[in-house]
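Inspection log for the structure reproduced underneath, given as structure tokens.
By letter and in written order, the chains are A, B, C and D; residue numbering begins at 1 in each of them.
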Amino acid sequence: MRQHRVPLILLAYLAIFPLGAVVPGVLGVLQKAASVFPEWLQVYLLWFTDTYLLNLMILVLMWVTIGSAWNLIAGYTGQVSFGDAAFFGTGAYAAGLLSTKLGLSAWWGFLVGGPLAVLVAFPFGWICFRLRGAYFALATLALNEVMRHIATIWQSLTKGMVGIMIMPTFVSKLPYYYIALGLAVLSIVCIEIVVNSRWGYYFISIREDQDAAESMGIDTHYYKMVSLCIAACLTGLAGAFWMNYNGSIDPRSVFSLHDISIMAILVGIVGGVSTTYGPAVGAFIMVAVSEVFRTGGFGMLEGLARMTNSPATEVVAKYVKEAHALSFGLLVIVIILFLPNGVVGDWPRLKRALWPWSGKKA
Amino acid sequence: MLRVEHIQVFYGDLQVLWDVSFEVDEGRIVVLVGANGAGKSTTLKTVSALLTPASGTITFEGTRLDRAPSHKVVELGIAHVPEGRRLFPEMTVEENLIMGSLASEAKSKRAETMSRVYNLFPVLHERRRQPAGTLSGGEQQMVAIGRGIMARPKLIMFDEPSLGLAPLVVASIFEIIRMVNSEGLTVLLVEQNVKHTLSICDRAYVLENGSITMEGSGRELLHNEHVKAAYLGI
Amino acid sequence: MEVFFQTLVAGVLKGGLYALIGLGMALIMGVMGIINLAHGQLMMVAMYITFVLFHYLGVDPYRALPISMVSLFLLGIFIQKFLLNPLMKVESILPENQVLMTVGIGIVLTETARFIFSSNFRSVMTSYSTAVFFVGGISFSVALCFAFLCAILLTAGMFWFLLKTDLGRCIRAVAQDNEAARLMGVNAERIKVLTMGIGAMLVAAAGTMLMPVYYLFPDIGGPFTRKAFVITILGGLGSTVGAIFGGLTLGLVEAFGATYIGMDYEDMLGLIIFILVLLFLPGGFKRLTKV
Amino acid sequence: MFFEAHHIVKHFGGLSAVGGVSFRVDKGEIFGLIGPNGSGKTTIFNLINGFHSLSHGEIFFEGARISGLKTHEICRRGIGRTFQVVKPLKRMTVLDNVIASAFLRSRTKSQAIDLAEETIEFCGLGPCRDKPAGGLPIASRKRLEIARALATKPKLLLLDETAAGLNHTELEEAIELISRIRTAGVTIIIVEHIMKVIMTISDRILAINHGLAITEGTPKEVATHPEVITAYLGADYVA
């Protein structure tokens, strides 16, 4: 339990503070509680009381789920997937179609979305895992595209490019926040359990040396499939959640190579492959980076421009806003070059680089 | 000519050579013998700068090799005929030979050297348009040796040239090595075929578990009971 | 019947350009052992260079060809030297680090293009962009025919280079046995840098020649990257001859698919081929012909 | 009949790596396989273990045909193997390496841990059980190979060049370990280059060269067989 102490404290914090956003009276209590801390810390403690930040946190938590799933198949099992969007989109469409075609609540998507994503993953993995080498990675890229095309072309079912719209269940963001939190915790716990079980040992053995794994009696084809199916199921659940939360989906957004599949990879490698909390750290960093760029430093750059009245700053602010996708690309390059095992995986090295004096004491 | 002094070599954090030193004098045939895994190939790869020694020095005609890139080593006049032949399987015999003569001096005399190689191995001339991967083991070894000669080296290193070849072919390969040497090339040979090797060499070193345990003339070692015991366990 | 031949011509002409794209990809695959997932993005950069030269300086796309090829050659060299080669010394858990790096490079190229040129569609309208000539009732696009011709010349030149020059032989040698090549005195790192440059140069040629008859926007790289890897998988990973057959096949399949099945399915067909190859012919055409 | 290889043949492209070798191994014995480099010993292991498919011939284990089965199925039947070029699961600790393989014969994780710890002690790897396998010295890596194979509780163990690269004391320890494995009731087929090892521990030896059997017999018979000496030391060494 000891190695989970910090995450558990964080979890407790994540569970309590958002209450202030909606439940009347709680905010006052929280503010009072927070007031014993220094002023600069209060800002962070009361962070979740704002709906805008709540929205961001929901995104972070959703990415924790997707990133953890990617980490299972790529980080632990060593089969890099470029096609998580195929499973994410399947889950999202499952939820959406239940609502539009069968008139059920889209929340039933949680029951159907995961298994349906597994249904996509199963034959796919069965074919691709027969071959070693880069085939799986490439095939996932193709799967991503195939699923998007199907969703676009099968108009009678999916309404093509128009996509699916449903009425949101809740007005407040708070229920979504807790569902996302639940999902994220579920996936981390689920993966933690899997990784520490027989399966986890088998997955890592396959990653480290497939020949050795086979001579140890491990059916590598079968266990790669197991890993892929768990990852697909979790990603499908995240997709079903997205349908419910966002209320509208279309093939381009949920089967997007860049916005979903690549983002999943980024969350995984930035945080640290093959670590329990790497994807969580990665999700936080990625959503933060994307938001900082998208909003021009939360509007600070624009504010600065208005304050100083300098057109140069205004131009910078405008460009920074446009550069958020560019920053992703640069981040991939920098991370792979300098922190190949991610922030969590390379933490000792990163720590030494950031605080060179801290290492000297030890 | 080639002087290896106290080299220590690691694969990752695994030490494979411990304080290995030996010398190759000009015009000689020098042999490293030893069982599988003793570090013979590693030694040659270190001379070729495919591996870098953690400590120790390697000098060739006064030039330090231990920190040089591998293509420099070839230019200085050391050819390496690797274990398992390592031909370019999809290239023709002729192209494989050409690959041996990339350094500028060898390149300018390419046609001349090639006809010499074809004289040495007439069968290769017949097969020159054939992909090297389709040749028999013995022929492949000839291409590998020919490719080494194409570099017009001063020193040529052979790594287990008899590996996996039929006895008759082995005999002819050793004949060729002796011939190459008599034409003025210095030879450094790594072998497990003790009898053949020791009978043609001038000086031999026995490698055991990454360090040199014995050295002497070929004849001395040939009749040494220890060598026999190390190989056959009798 | 006329429709059939018209489709055949369209497919072959397109296939010629695809072969050029695939050839570069196959070279990179062979020498570096990685799938370059920034291949289409490199082509996109070449297209923008062509566009800028035409639009602002009035340079005809065909005259821009050498400029775009040289620029992309340099870009390829830069990428290999500073971004991919250093990765070989980095110890990491994922073996696909280099492939992930090319993804990152692809994003940077696409987004830089969007940054500079915005997402708008661009095109280069030349006097010959829409020109056609007829042979026996079948129309031939002048620009595409010219592009096809150039593609053949470039491919032939490339093969001459690979088969008849020392440098070309070095490239093949590194692809076949890296360590043995180093023993021959080949500077493998430099060969890798050169190969990436050549690969980028070939795809640049395809992009520039496509410019008079095609449109351009920053995201165009992605679909072409996918086409390129379908071509290399079809041809057999790393096989240059296979890539040419792969390119022609993809061109024909797309053309016939668009005519007889529907435009919507054009992109999908390539992916279906990909999966079929994976199922029934792992190893691609290379397995059939042994070349 | 415990184990029998019946006229096994393997071609790679046009080259024949193993050209029709037959042998049988009885329960409880140590069967040595010798031959010069490149003579096809490791290929025979790869054929038994299912990495390569046979071109011709059949392999039987405990009365059932195992040729044609997949590697993991063969392991499940009770054939474990080690690799000449060791294949440690580098980023796992020694203990985790062995646990991963102990799962094959354990229902729960605690059973697997127990089995793994037992096996590690048996192989004398106790001192480095929590170290990552990638950083071990060669002698310990070779032991780890054996430990991992033993944790699958094999009835037949294939040892591929377990002694290569070991120094004198390590060699003695390796021989001692192999005899203990035999005492524990495991039948062993051993490929070995270091003659001292194979001559001391084998009950019977099969010598091969160029993928063909030269002779089979007791260590003494094989060591004095003229063709074996020729294959190892070159022609006319005997004289």
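Following the convention adopted for this analysis, contacts are C-beta pairs under 8 Å (C-beta built on N, C-alpha and C of every residue); 3 or more make two chains touch, one makes a residue touch a chain.
Keep in mind the model is a prediction, meaning the values are calculated, not measured.
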| item | value |
| --- | --- |
| Best-connected chain pair, where connection means C-beta pairs in contact | A-C |
| Chain of greatest Cα-centre distance to chain C | D |
| Chain whose Cα mean lies nearest the overall Cα mean | C |
| Distance between the centres, which are taken as Cα means, of chain B and chain A, whole angstrom | 55 |
| Chain A-chain D separation of Cα centroids, rounded to whole Å | 46 |
| Interchain centroid distance [CA atoms averaged], chain B/chain D, Å | 31 |
| Residue numbers of chain D (touch at least two other chains) | 91 |
| In chain C, residues with contacts to at least two other chains | 93 |
| For chain B, residues that touch 2 or more chains besides their own | none |
| Topology of the chain contact graph, where touching chains are joined (line, ring, star, complete, other) | ring |
| Which chain pairs touch, all of them | A-C, A-D, B-C, B-D |
| Sites on chain B touched by chain C in the complex | 48, 50, 69-71, 73-75, 80, 82, 86-91, 95, 98-100, 102-103, 107, 147, 151 |
| Of chain B, residues touching chain D in the complex | 12-16, 35-38, 134, 137, 160, 163-164, 166-167, 170-171, 192-197, 209-210, 228-234 |
| Contact set on chain D toward chain B in their complex | 14-15, 36-39, 134-135, 137-138, 141, 161, 164-168, 193-200, 210, 223-224, 229-230, 232-237 |
| Chain C to chain B touching residues, read off their complex | 166, 169-170, 172-173, 176-177, 179-187 |
| Touch list for chain D against partner chain A, complex | 49-51, 70-73, 75-76, 80-81, 83, 87-92, 96, 99-101, 103-104, 109, 112, 148-149, 151-152 |
